[in-house]
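Written below as structure tokens is the structure these notes are about.
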Amino acid sequence: MIEPGDRVLLIGEGREFFVKAGQNVLSTDKGQLDLASLVGKTAGDILTTHNGSKFTIRIPRPTDFFTYGKRSGAPMLPKDIGLVIAYTGMNHNDDVLDAGTGSGIAAIYFGGVAKTVKTYEIRPEFSTLAMKNIIDSKLTNIEAVAEDFLKAEGRYDVVHLDLQIQPEHVTHAYSLLRPGGYLACYTPFLEQMAIVVDAATGLFREVHTHELIEREMTRSKRGTRPSTSVSHSGYVTIARK
Amino acid sequence: MIEPGDRVLLIGEGREFFVKAGQNVLSTDKGQLDLASLVGKTAGDILTTHNGSKFTIRIPRPTDFFTYGKRSGAPMLPKDIGLVIAYTGMNHNDDVLDAGTGSGIAAIYFGGVAKTVKTYEIRPEFSTLAMKNIIDSKLTNIEAVAEDFLKAEGRYDVVHLDLQIQPEHVTHAYSLLRPGGYLACYTPFLEQMAIVVDAATGLFREVHTHELIEREMTRSKRGTRPSTSVSHSGYVTIARK
Amino acid sequence: MIEPGDRVLLIGEGREFFVKAGQNVLSTDKGQLDLASLVGKTAGDILTTHNGSKFTIRIPRPTDFFTYGKRSGAPMLPKDIGLVIAYTGMNHNDDVLDAGTGSGIAAIYFGGVAKTVKTYEIRPEFSTLAMKNIIDSKLTNIEAVAEDFLKAEGRYDVVHLDLQIQPEHVTHAYSLLRPGGYLACYTPFLEQMAIVVDAATGLFREVHTHELIEREMTRSKRGTRPSTSVSHSGYVTIARK
Amino acid sequence: MIEPGDRVLLIGEGREFFVKAGQNVLSTDKGQLDLASLVGKTAGDILTTHNGSKFTIRIPRPTDFFTYGKRSGAPMLPKDIGLVIAYTGMNHNDDVLDAGTGSGIAAIYFGGVAKTVKTYEIRPEFSTLAMKNIIDSKLTNIEAVAEDFLKAEGRYDVVHLDLQIQPEHVTHAYSLLRPGGYLACYTPFLEQMAIVVDAATGLFREVHTHELIEREMTRSKRGTRPSTSVSHSGYVTIARK
């Protein structure tokens, strides 16, 4: 049941709105939506504008936070987040450390999968913005800390790093991991990838760097072909303790 | 604490053994391992062979089931499983339907992420083999059914299909999905991908087909370069209700 | 020595102009260029505008015709033209048949390599435009014909097809080829590629379809990474008689 | 007309033989081939073994030298040779400098396209082996020199480098090029690519590095899919003077 302040997706009339249940009224080209009336409703219920347009209520999923969440920069792409989840075997028994938080999108994906997520972000204003996204996600197993990852303590099954990587980050990650646990480092540039691989090799039992090239396939009356819009975003190095 | 019948990884002396705690003795080139003595131990404990070699105990993760699980055919690759998890936003609130089960590896990954997984496999001998892997994984939220997916009922947040796809599979998946839920279809061949896209277009709100080309980067004294071993496995179509 | 009507590249002041030697004056933001004065000059000579800006004279290469030639549609990309040249081993002993001509860019590349090129284009207005590019290229070994490829006769070492492909095109190409010669078919869509492969298999001794995914690497102070602008254009099937 | 010593391809009975016309007899599982009788014959003629098997005579093309030529190491792949030809617009007006020669395969491709090719190889034994391939190709416009590329003089339209690259190679190539001419550097490793780009940037007017990822498409009764055998070989940097 939707509570005041909850994030809600309204879908209809060829439009999507990512709103907050509460006392506002949202004016759209399809009429006015009374957001207070969302409270108490549930997924699949209908909200009708003052002039009769109908919108279906949806509870947002992590994919919607990737689309509609506030951003402090370019977030990791879902394809790379998926690779981290799959190549670490992230699951509901895991304690995950994530740094840097950025917009918090990776933390929200991980929070939906793992037992606990602790996410470090050294820039306080980024951490503050990410907290808004995390609160919107209603995930209660994510703790956001505005601090340097190198100060992190504790024991983790997966450490995920998406920051200006230095060798000491890799060494510190190793010290935090449980045996059999995984470090996953996302690096957009080859030089950073080399730093990770050089620091991890020898220290970790296994080190592999992956690049994912993703293409969308298009299909029209003319035929089927790959889209020319291809996404490369970076390299993901997976190292197992 | 390890119980009789639990799957355990033993790591040491440059070797890995995927064993079952119990009354057996495992003979290795590093000496004999008494598997009965695993019972009551826990991750990180040491098992010593009769001649003094030491092996560290690990509780297997989903990645280990991909490596060591029994196989009835080529399972989906982790990169594609990760793409399904990320592009559906699969999380611990989700009821997931998976068909066909195959070796059960995708179901084990999903079981670590979702609230419940129900997995359909029309070939009873495949379902039986997959059950062994699923029992080994100790995931209690996976139900394996040796039946045709077209007979499936209930309501799901994610339906994942990896089978000889026909248009009626896509239509049936639509009927099982909650609003805002996702169908993810894995198809190795282009012709099957076309069947999925044609059946889903119009029915679902959004339809996108992705291809992931994965490369491993290698780094040696000679330099850094992409590996020539590149993995394409198939196409993943994501359709949202 | 440049003659009236010759195409010339003028390079300087951070600009490039693709002009025709003759009686015109070209007004640029760097001053007026007297194109009549190009006649009798040669590559490397300097042309000075009325206000003193200097432009160096270049004789255009095939790459410049790709950039500056008139276009009747999207021409084949150089990467794919290069693949045709390399996979057919096209060389100065070869008689090449090219169809459809399109903008004539592929014919111009081939004309610089082969002994003779005969290029067929069924749409007269396309053939007329292509003739302008071919005349500009000053290649005298290219013959452009505004006719259906199926009417082509003669004997060729390489047949290159970039048109709405039908099985009879493949069969006809076979009949025109010398033993050991190559058919190269460019097809943007998978369905067309399948038509080529199905028609060529059995008929030709060897049939291979290639896809080239090209990426540009970028290198800045931040580091080295693949560009996100990746070009896929189509499939090239190479069949040897 | 085939002369003594000419390379000839014999095709038939599901076999291919790359032979030299002359006084030998070739024993095959299909019978004995009298290679002396090749002299005076021409492409398309038939050679019959002593027991009646028939082989068709072919004059080898550059693609056959890639397949059958002697090798001193891994030669550049045709896809990359094609990219060099296309991105430099190499044509029959061009003087081309090639270094290092390696097995001479790239020089043979270029010799079939350009006016002249001069190829430098610092290792005399490699140059000797390459000469054998070049003589076999019957291309008379290729000059092979067993010397350091840094000692090369003259003026060229295209300089192609496939050697352990150093910044002075790039600078020297610049000095040899005619205005508007192209340097093409093939580098298997990223670190070498960076050397080229750093040395060429600023010096040349345009610098672009390309990576070609090639896949073969397979088509069987089960359907159409990309082959898992994908070829990456290296990076090709194209710089224009």
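Per-chain residue numbering starts at 1, and chain names A, B, C and D are given in the order in which the chains are listed.
Quick note on the criterion: contacts are C-beta pairs under 8 Å (C-beta built on N, C-alpha and C of every residue); 3 or more make two chains touch, one makes a residue touch a chain.
From a predicted model like this one, the values you see are computed outputs, not experimental measurements.
Trainee: Return the chains shared as contacts by chain A and chain C, ordered by label.
Mentor: none
Trainee: Average the CA atoms of each chain to get its centre, and name the chain whose centre is farthest from that of chain A.
Mentor: D
Trainee: Check the residue numbers that chain A and chain B use where they touch, and answer same if over half are used by both copies, otherwise different.
Mentor: same
Trainee: Rounded to a whole Å, what is the gap between the Cα centroids of chain B and chain C?
Mentor: 49
Trainee: Mind checking the centre-to-centre distance between chain C and chain D? Centres are C-alpha means, answer in whole Å.
Mentor: So the centroids are 22 Å from each other.
Trainee: So which stretches of chain C touch two or more other chains?
Mentor: In chain C, 190, 213, 215, 224, 226 touch at least two other chains.
Trainee: Go through the chains and record each pair that touches.
Mentor: Going through each pair of chains, those in contact are A-B, A-C, B-D, C-D.
Trainee: Along chain A, where are the residues that touch chain B in the complex?
Mentor: Per the stated touch rule, the residues are 9, 11, 43-44, 56, 58-59, 61-64, 66, 78-79, 81-93, 109, 112-113, 157, 178-180, 182, 190, 193-194, 197-198, 201, 205, 208-217, 219, 224, 226, 235.
Trainee: Over in the complex, which chain A residues touch chain C? Could you list them?
Mentor: Per the touch definition, chain A meets chain C at residues 188-192, 213, 215, 222-228, 230-234.
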